[in-house]
Amino acid sequence: MRPSGRQPAQLRPVRLTRHYTRHAEGSVLVEFGDTKVICTASVEENVPGFLKGKGQGWVTAEYGMLPRSTGSRMKREAASGKQSGRTQEIQRLIGRSLRAVVDLEKLGERQIVIDCDVIQADGGTRTASITGAFVALCDAISGLIAAGKLTESPIREAVAAISVGVFEGTPVLDLDYPEDSACDTDMNVVMTASGGIVEVQGTAEGAPFSRQELNALLDLAEAGIRELLAQQQAALAS
Amino acid sequence: MRPSGRQPAQLRPVRLTRHYTRHAEGSVLVEFGDTKVICTASVEENVPGFLKGKGQGWVTAEYGMLPRSTGSRMKREAASGKQSGRTQEIQRLIGRSLRAVVDLEKLGERQIVIDCDVIQADGGTRTASITGAFVALCDAISGLIAAGKLTESPIREAVAAISVGVFEGTPVLDLDYPEDSACDTDMNVVMTASGGIVEVQGTAEGAPFSRQELNALLDLAEAGIRELLAQQQAALAS
Amino acid sequence: MRPSGRQPAQLRPVRLTRHYTRHAEGSVLVEFGDTKVICTASVEENVPGFLKGKGQGWVTAEYGMLPRSTGSRMKREAASGKQSGRTQEIQRLIGRSLRAVVDLEKLGERQIVIDCDVIQADGGTRTASITGAFVALCDAISGLIAAGKLTESPIREAVAAISVGVFEGTPVLDLDYPEDSACDTDMNVVMTASGGIVEVQGTAEGAPFSRQELNALLDLAEAGIRELLAQQQAALAS
Amino acid sequence: MRPSGRQPAQLRPVRLTRHYTRHAEGSVLVEFGDTKVICTASVEENVPGFLKGKGQGWVTAEYGMLPRSTGSRMKREAASGKQSGRTQEIQRLIGRSLRAVVDLEKLGERQIVIDCDVIQADGGTRTASITGAFVALCDAISGLIAAGKLTESPIREAVAAISVGVFEGTPVLDLDYPEDSACDTDMNVVMTASGGIVEVQGTAEGAPFSRQELNALLDLAEAGIRELLAQQQAALAS
Amino acid sequence: MRPSGRQPAQLRPVRLTRHYTRHAEGSVLVEFGDTKVICTASVEENVPGFLKGKGQGWVTAEYGMLPRSTGSRMKREAASGKQSGRTQEIQRLIGRSLRAVVDLEKLGERQIVIDCDVIQADGGTRTASITGAFVALCDAISGLIAAGKLTESPIREAVAAISVGVFEGTPVLDLDYPEDSACDTDMNVVMTASGGIVEVQGTAEGAPFSRQELNALLDLAEAGIRELLAQQQAALAS
Amino acid sequence: MRPSGRQPAQLRPVRLTRHYTRHAEGSVLVEFGDTKVICTASVEENVPGFLKGKGQGWVTAEYGMLPRSTGSRMKREAASGKQSGRTQEIQRLIGRSLRAVVDLEKLGERQIVIDCDVIQADGGTRTASITGAFVALCDAISGLIAAGKLTESPIREAVAAISVGVFEGTPVLDLDYPEDSACDTDMNVVMTASGGIVEVQGTAEGAPFSRQELNALLDLAEAGIRELLAQQQAALAS
């Protein structure tokens, strides 16, 4: 049985709170159970150097954790003077996942910077970040359309992400921290509304895993992401 | 008149939400109007190197702003690889203000690290941080007493802080961002429950100010801090 | 057709040259076609701080590219003062992949540091690194056994890695640089001799990919890795 | 009694040596007793990025201490790779204090960089720096006028600074190091020739201080600064 | 006797392998016995900021050692975040030595960046680097001429370098690592084909050395460099 | 003729002012004409990690320039976050030069840190630093003897340094800045009282130089250093 009492295929309660802070063009608090991440989307009317004059835009992401979002206090990255390898891996993943559903030429020569800041962590911060960031991105795009800066949305379809893993022999959905630290295999899956896979990252923490396990995990993930996509839609409709 | 319509001696609505996040020994969301800061207190059973074996504890603070807590996105300090001079000034001020009301010998050989992370900024983030951090510190100390690690509180008295300034010729209390960017004189005052001054930092942004103006500002600050101390007490009593 | 004229399921010529440099306990030049990486294994008779006194060892990896291993010169990371996110991602992957096949308790309280330095790049540097690093690791372990420091090998089984991708609609094995920069989907697979998956990292560079494509890619990868494992065995036997 | 035998309201001997080094447009050795600081003013015919094209100039400051300006050797900041929070606080204070008396529009699109380097420290390095830096600034401005680059001085009035504190219960002027390390309250005051306050920074090192103490300290500071302003005038007249 | 059995005036076997890697405009593996360095020359069609618009080019160098090029593993400079003083000293020496034989105006407004990366170290890495880098530079220049970007070579004459030292009382040529760590005096000499000295850097590791010893060492170096110049010519002719 | 009107073999006026600042165990202002460097020697009762328990001491040096010690303002190294290659080269040279005349075993398990800070530069800052640092070192050693911590001096003999160069075809002694920037060959020589050479560093800035020129330069340097050694003696005797 799962420590939380959840069924293997059961997500934690998901909440997406739009307009969570005041200044950003998109601002969403995403909660996957006790994991809470503030996702903001900032529109900047310029592009990074390597895209200057190429007639396209850019979407990028940065990720951070408040020092005490975790059980024991982590060193503040701003104070230690660099971002950890884990932080960089996650923010690169978030950026790639969002770019996969945006038509960068339609976006025009502007950049949208997504910031995902974890205020409370209980496993799954990267998948919650992607799921919430997509909603923040939608709000930022809506603002551009409302302001007449875009005539149609460059977003091709929705994207969301979930973690799956093999916990005590059983494939389970949406690992919380106690499961994450104890599981054998840990996989993050990013998928679009049309069912396409954007990213699969599976890691054997203990024993290697088999193709059958991989397939079982992908099945779980696919179902979970479908639920998340529905929640995004509901949040954006409200 | 003030842009917000407030009276010169009127604070913004103040809210202190205890137990705001789950992991920290003390965790408070402090709101001064639209300024929102998460203050956590983390207990560590060791002291910094310079205090090893001296039979006393330490209280220190770190401060940060989410990149989009402000009107336009600020560069993430973890990404740029260092904390700005402003950040360091503020976190040093928060640390000194809290140490001023703690008997470090009674605290024993342990350290309490206060993290103040601004999730939305509208002026006064350092004074909100000090005011909220004191409540988080109290909760952390209560936890140590409840766990039998301390028999009596090392906190001597409460401490809170407020900004004051001369806005369009009039001394006003608790500057919000529009006032802060336009005012001539800006002062931050940190005071204790017994009326003692812990810090006064006054800066002439435009024309220098006179002793009379200084006194008028201190009068305003004193009254404002008395209100904040009452709010802290109410929050701790609830 | 592939730019190199290879069949879809065809690896580039693979060469594993042991004892490539003189000082390291294991030193292998691995070549996947024009991709050339020096993999060294260094034995250190201590463990990182977080493992002190835990009765187990550690295997970790660092990765680098010579500035002119690539078509246009890259900035030297030592000169720019930090390792890129890509570098950190790759070295974390190499470390995890090797730890997956080592019994860290049997290794004893010592650390093996793997350095993978790319002297010529033509796509697939991370998979070549893992494949070559495993051979260097074996040599280092043999040295420990020969020196009487270990009585049996802590290596549970062999591990190798390969890239696969969808290039112009066709799943192909072992992407070289022209394919890598043009392909829609790019996946790195790390597998053990017993067929277990250690890592799967698949990324849609263009359009998202389907479960069928994922399966086709994994089939290709499995066959390719079986060839690499045979090459490792041959090299270690010589 | 004060360790130095001084009266409570007595400054240490103050010396301002102009043209102390050869290259800078303004170069002053300022001595407050055993505290010795080299203040140079460098004129640069450009402005920082945020002021480009705004039709105004800038005055900024940097501060440093020679490693052995102090009783025990401090780590060299250039070697440790960053400036401490204290250093940044001080250089920001020096810059603000000088800008408060300069009409930046009259200065034109150029920058004056003030460097304050402590060669021997005995308390009061920041107040000595401000006092000496003003003289160096005047010399740099005179050079600009002599060179025909300015027709009138953008300096509105003189500025100087002094520390005050409560030492063994008595308010005293111009703290030296033994007093500074033992005093209860420490305040730095920056004032102009017309008696306006530019900065007040008071800190309770031990017990909080009262409004009466604050007033007594400000009275002392005001008298001390008047003496310093006279010394600056004498130095500039010679 | 020398640990290697060499005569005092005997070089180690020298090998210069051109076109060692594929991407660089010049790429040479230089071997002085067991010391092996990859030297690449990269042509960039721009110049550093301080030379913009001055109608001349630039030649510069960077140097690095693979972590396990040495007997015990060195910390990777990219990971520790800075280049050591030794690294910087060596790369500055390589750059100066090459610039001494290049007519920078004839080179035109372009930069050639030399990278010297030590893959195996056994003493003399800096002299091997200079000797090999010259050959890589020649190949890069030939490429520019072949491409019609230069009509004549800006290289005035050849340059090579060797170490000499006093080992157990005897002046010897081309120190290997066991000699280098035990010798009293260590000197690096850089000379041109016409016999001019470009650099002499002699250091007394133990007792100071005399003018006679200096002269004996320079005689040895001169003869050794003549041999190296012949080897360079042979390699470039092949 | 030399820009300064000096004879080819003429030093600039040399001054060595002992006890220049108050806190350091040795503190010397050294002046070679307009070049002025503060050299302090700090005694620390511990040794760097690599010497722990080896029964010997250490002498090391750090070097810096005040930002406006030069004709145009240099960026402050503490602000830019790292020491330049030139700075590191110079401080390594100063440290080696002093260690060459100290019996590190007799010094005992303590470290002497030499800080050389240039307050005004006019060429020759590294040779002035070495010459002044030796005097500061002597004062620090005398203090250790006076305090009973050493019974005899670990200093074997005196050491001093001077620059020489070929200026407009003539070998000249003690280059000032106008000569240094225009000369063809620039050499720094470090010698001991007994005439032994500790370091020779000669660089052809323009055309390579010959053995004859090298010898003429060494003759000049030897005579100049003899004068400097006499000045050191005189300073230490006063």
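When the chains are written out, they are named A, B, C, D, E and F in that same order, and each has its own residue count from 1.
Throughout what follows, contacts are C-beta pairs under 8 Å (C-beta built on N, C-alpha and C of every residue); 3 or more make two chains touch, one makes a residue touch a chain.
Everything numeric in this text was worked out from a predicted model, so none of it was measured.
Counting steps between touching chains, the shortest path from chain A to chain F takes 3. Think of each touching pair as a link: the shortest run of links from chain D to chain F has 1 of them. At the interface between chain A and chain B, two copies of one sequence, more than half of the residue numbers in use appear on both sides, so the contact is built from largely the same positions.
In terms of residue-numbered contacts, D-F and A-B present the same interface, as over half of their contact pairs agree; the other options in B-D, A-C or A-B do not.
Distance from chain F peaks, on a Cα-centroid basis, for A. In this assembly, the C-alpha centroid of chain A lies 50 Å from the C-alpha centroid of chain E. Separating the CA-averaged centres of chain E and chain F is a span of 28 Å.
For chain D, the set of residues that touch two or more other chains comprises 81-82.
Here the chains link up into one ring; start at chain D, go to chain F, and the full order comes out as D, F, E, C, A, B.
Every residue of chain C that touches chain A in the complex is listed here, in rising order: 82, 85-86, 88-89, 91-92, 96, 100, 187, 191-192, 194-204, 207-211, 214, 218. Taken in their complex, chain A has these residues touching chain B: 21-24, 27, 34, 36, 38, 40, 42, 44, 62, 64, 66-73, 76-79, 81-83, 87, 113, 115, 117, 119-122.
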